[in-house]
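Below is one structure, written out as structure tokens; the observations come after it.
All chains are identified by letter, namely A, B, C and D, in their written order; residue positions are counted from 1 within each chain.
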Amino acid sequence: MTAEHVTLAEQFVQPRQQRTADFMGMYVFLGTETMLFGALLALVFAYRLAHPAESAEAARHLKIWIATANTAVLLTSSLAVALGVHAARAGRRRALALGFAAAILLGVLFLGLKGYEYLQDFKEGLGPGTGAPSLLRVGPAALFIDLYFVATSLHAVHLSVGLGVLGWTAIRVLTQRTRVPQQAIVAEMSGLYWHFVDVVWVFLFPIFYLARA
Amino acid sequence: MTVAAPLLTPEERVSYLAAGATLRSWLATTDHKRIAILYLISITIFFFIGGTAAALIRLDLLQPTRHFLTNEGYNRTFTLHGVVMVWFFLIPSIPATFGNFLIPLMIGAKDLAFPRLNLLSWYIYVLGGAVTVYVLIAGGVDTGWTFYTPLSTMFANGHVVAAAIAIIIVGFSSILTGLNFIVTVHKLRAPGMTWGRLPIFVWSHYATSLILVLATPVLAVTLVLLLAERVFHVGIFDPSLGGDPLLYQHMFWFYSHPAVYIMLLPGMGVVSELVSASAHKRLFGYWFVASASLAIAAVGFLVWGHHMFVAGQSLYASVIFSFLSIVVAVPSAIKVYNWTATLYKGDITLDAPFLFAMSFIGLFTIGGLTGLMLAMLAVDVHVHDTYFVIAHFHYIMVGGTVSAFFGALHFWWPKITGRLYSQFWGRISAMLIFVGFNLTFFPQFILGYLGMPRRYHIYPPELQVWHVLSSAGASILAVGYGLPFAYLLYSLRNGRAAGRNPWGVAGLEWTTPSPPPRENFLKPPVVTREAYAYPIEESGHDG
Amino acid sequence: MGRETRQLILVWAGLMLLLAATVAVTFSPLPTVVKPGMNLLIAGAKAALIVWVYMHLREQPGLNRVVALGALAWLVILVAMTLTDVATRALI
Amino acid sequence: MNTYLPLWPVAASAHAVRVDWLIAAFTALMVLLTAPVFILIVAFSIKYRRGSPADRTARPAGNVVLETSWAVIPFLLTLAFFAYAALLYLDLGRPPADSMVIDVVAKQWMWKFEHPGGQREINDLHVPAGQDVRLTMTSQDVIHSFFVPALRIKQDVLPGRYTSLWFNADRPGVYDLRCSQFCGMDHSRMVGRITVLPPGEYAAWLGRAGTAGDLASQGKALFDNLGCSGCHEAQSTVRAPSLVGLFGRPTPLSDKRVVVADDQYIRDSILDPNRDVAAGYQPQMPTYAGQVSEDELLKLVAYVKSLGPLQAEAPLPPEARR
């Protein structure tokens, strides 16, 4: 992609300036998202510090193998998105759509597995508000489990938004309302968001599922 | 400047105000100047809602026990006052209006980096505001603006859920504004506008934006957790599960203490401009003042625990937080001394903006020093959660930020509207506000030291005289705040045309017509001088 | 297959290896005190790969790199000072 | 209207007097540091007003030495006050070992007190003058805060946790007690009185106030009724640690940590027994969360405390002496 192709908004004077500004804006936004999930991490750490045994006990009830499979699914979806963005920069519309479509499928698979996992959790009586008699619903173990539910559902919400963003971008590029490579920045921004959602999961995985010991 | 109020001056004909008069041309605009006006109107509405709640509080406290509000009604009133004033007036007050209007003008840009995000942020603000109005109509909230758990999650029966949602929503508006400013300052400065030539106003907005983007998300997620606990009975801070309500307080103050600097730093930026402009002289110690803004933003993140000295926090953590709270006073002190030194050998015009700036310095100094007292551990143990704290933060936020807001309004009004207002009434209003403010809040320091807890509806009868004095001051304050709306609105139709530079001061925004054209400058500016370079170069070179 | 495409796939392979490593650490007979730290380190390595390559940080000017990673410093403040309280509360 | 105009609160303890001196001295320093600002603003505004004939040549743009000194010198002066204030604060966090202990339970919207001898009061607290008094406080619902202006002390009272506060009131009299943490509808009615009595009168008051036996013996009865004694008595067949001599001792745990067996530890061990299991024992005790009230918990703690080795001045129940 060469700079001359880029559509320039009126407040900018150079394509390069606009491009750096767009990336900077997105990085700042993802920085805010980092703080959002970071606050949850701070809580998990604080409770693990205060109640190490119960947290580990609670973690042993999480479905580690589903989560491992889900991690692999998300990491692969990130590869698909990265390949799609690479195609967008080269102006290959269909390759972009293919990459994003693959990522969407993997994302849906992730949500499906996660939903199945929640179902198992609730059957076991781990979930809040069910009133199921379970040793894990008393004391600090419940705090760990509930933070797990909140953090993973917040992640799932972000992932669903990401699915929408990827789909929207792919359709706009396919129908040429967004032109590549001139407006490849749209695909790049969508990609950044998706990868960020992936990074969040990369940390949720060890902090909850691998906290067994 | 002597033209007698023509319908439209030639400059007004190309101005951003003339770019369209339909509702659509306002509600679908991406012009930062128009969005600033939209914000100005909306925050003014919330200022009056919050002010009405304040008036109710002061009226009701005239008597120690015989009240027209019930205890519950009183609790809902002060909660509404806090929520509206903090999130719907103070936080957006200066950044979203004057920051929005002036940053592109001051750095010589055509607009902010992301104009559509800017408009979106206003719509998000309006949505959050609408939910708040719903809370008000539905009956209010009874937790205090701090929403401490487990009161808010298990015991309060007001509209906690809607209020928390409103705050989460308005938080996104803050984040978008902050993001926009950061990228704009980095990427859209005009040729020649180096960091060393940025007005302090821009520096302090940059510092503010850092806090906006880094702190606001923590508040959002904390409130999400609060909602999860209240609505779905998810255990997060629940003491019966071994949960720790202090963790809520940590998360809350990690946002809410820096939020004080979100309110204050833009005010300091405004005052730096006003002091230099009134003295027609370079700001004393530019680099000290500029870096003090960044220092406040950074160190301001390390002091939140001073809200928790008596909360059951670790003694050691308290000592650390106390020390850091004293450190954060250093850059503030630098600013006050440097403003004073700027006046030395100045050429001072005693106009309304100057009077507002001086009352900012005086009131902020008192607020800051009582803040230092609160940072002293043993003193805080006594005055924590009393009227001493109330007086302290009103000196900072009302004496400081609101004075700066009115100073900014009086200083840039000619630039924004192209019209001059009555200096006589401006000076009267500045002095009324100063006197009324001190009469309202100084007695509250004494009340606090005497042991009057905050959020008390019924209070010991021996404290009544101080409360009556405070309420009397509040009525003067109300007149002082009401006056500008009369003479400023009057000036819109009847004021004389302002011309480019009615104050005869330095600054890029004064080289363009008043009101500025849609593109801000008739031709793209090239900056060759520092900020505050006096004497100024006369007459616009771009016309 | 171009050079960049190959790099993207290599990164993915690296991520998968790290995933296997972190699960292996969890079930290994290592002492339990070191496991959370090692798992966090591995997560950091995974995140670094994604951020550096997939999120284009390697192409960005220095300023944007600072912007992208700046929030981490504040996250450290939040976590460290909160834990300072929790960890020292019982001491007198 | 009441026309009395109070200017300064009474000080009923040595600590209160120290806090008063601290704030007075600090205020003086602050006036010293800011008087130049206020005086110079007015002076400059008059001298350098537009059109005045003042000399405006050689205007300074800044002065690094000057600016650094007005940043650093006030900071260093303030640090001295910081240090003294921190010492006073740390002192508040460390009650003398031989303090008389009074239990406080806060609930919406009242204060409940229990004296070591079992005397109970609501919203009224009688204490002896000149004696170190330590309050062990907890809440049944939301966060409250125990605030006595005349003593210049305040401490939040949390649900699910004990916080403590101590004082030595040296001036007999009646002082206000106020809840200072917003706690719901009748927050401003959650007030009470602290009556400081000369020691002799306090003893007489204790005698007049009826009691159902002191706290520790009430705790002993609970200990038996709840079945605790079934496992924790020496002759029991179930292996559970003996509690004699436990209180205040460093206790090794099964995960190799060592904790001091204080009020909080005993409370946690009743409610959440398998969190900190004593070394050499199995995590097999059932939880008593939800079965014992805050008042009862405090009694159980008082009983375990009475088993030594740190003995409060209250007489030990005969059972504990064997």
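One rule holds in what follows: a contact is a pair of C-beta atoms (placed from the backbone, for glycine too) under 8 Å apart; a residue touches a chain by one contact, two chains touch by 3 or more.
The structure presented is a predicted model; accordingly, all values stated were derived computationally and were not measured.
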| item | value |
| --- | --- |
| Touching both chain C and chain D (chains) | A, B |
| Longest centre-to-centre distance from chain A, chain (CA-based) | D |
| Contact-richer chain pair (by C-beta pairs counted) among B-C and A-B | A-B |
| Whole-Å gap separating chain B and chain D, where each centre is the average of the chain's CA atoms | 36 |
| Approximate Å spacing (C-alpha centroids) for the pair chain A, chain D | 45 |
| Touching two or more other chains - residue numbers and ranges from chain B | 182, 186, 214, 218, 242-244, 246-247, 250-251, 254, 312, 315 |
| Set of chain C residues in contact with two or more other chains | 63, 67, 71, 74, 78, 82, 86-87, 92 |
| Multi-partner residues of chain A (at least 2 other chains) | 20, 24, 28, 31-32, 34-35, 38-39, 42, 46, 50-51, 54, 138-140 |
| Partner chain C, residues of chain B touching it in the complex | 182, 186, 214, 218, 244, 246-247, 250-251, 254, 301-302, 304-305, 308, 312-317, 320-321 |
| Residue ranges of chain B in contact with chain D within the complex | 64, 71-72, 75, 142-144, 146, 148, 150-151, 154-156, 239-240, 242-243, 245-246, 279-282, 284-288, 309-312, 315, 318-319, 322-323, 326-327, 329-331, 333-334, 336-338, 340-341, 343-350, 354, 358, 361-362, 365, 369, 372-373, 375-379, 381-382, 384-386, 446, 449-451, 453-466, 468 |
| Complex contacts: residues of chain D adjacent to chain B | 1-9, 18-19, 22-23, 26-27, 30, 34, 36-38, 40-41, 44-45, 48-50, 54-64, 66-67, 70-72, 74-75, 78-79, 81-82, 84-86, 88-90, 92-93, 108, 141-143, 145, 147, 149-150, 152-156, 158-161, 163, 176, 178-189, 272, 289 |
| Contact set on chain D toward chain A in their complex | 255, 271-272, 274-275, 287, 289 |
| Residues on chain C engaged by chain B in the complex (per definition of touch) | 63, 67, 71, 74, 77-78, 81-82, 84-89, 91-92 |
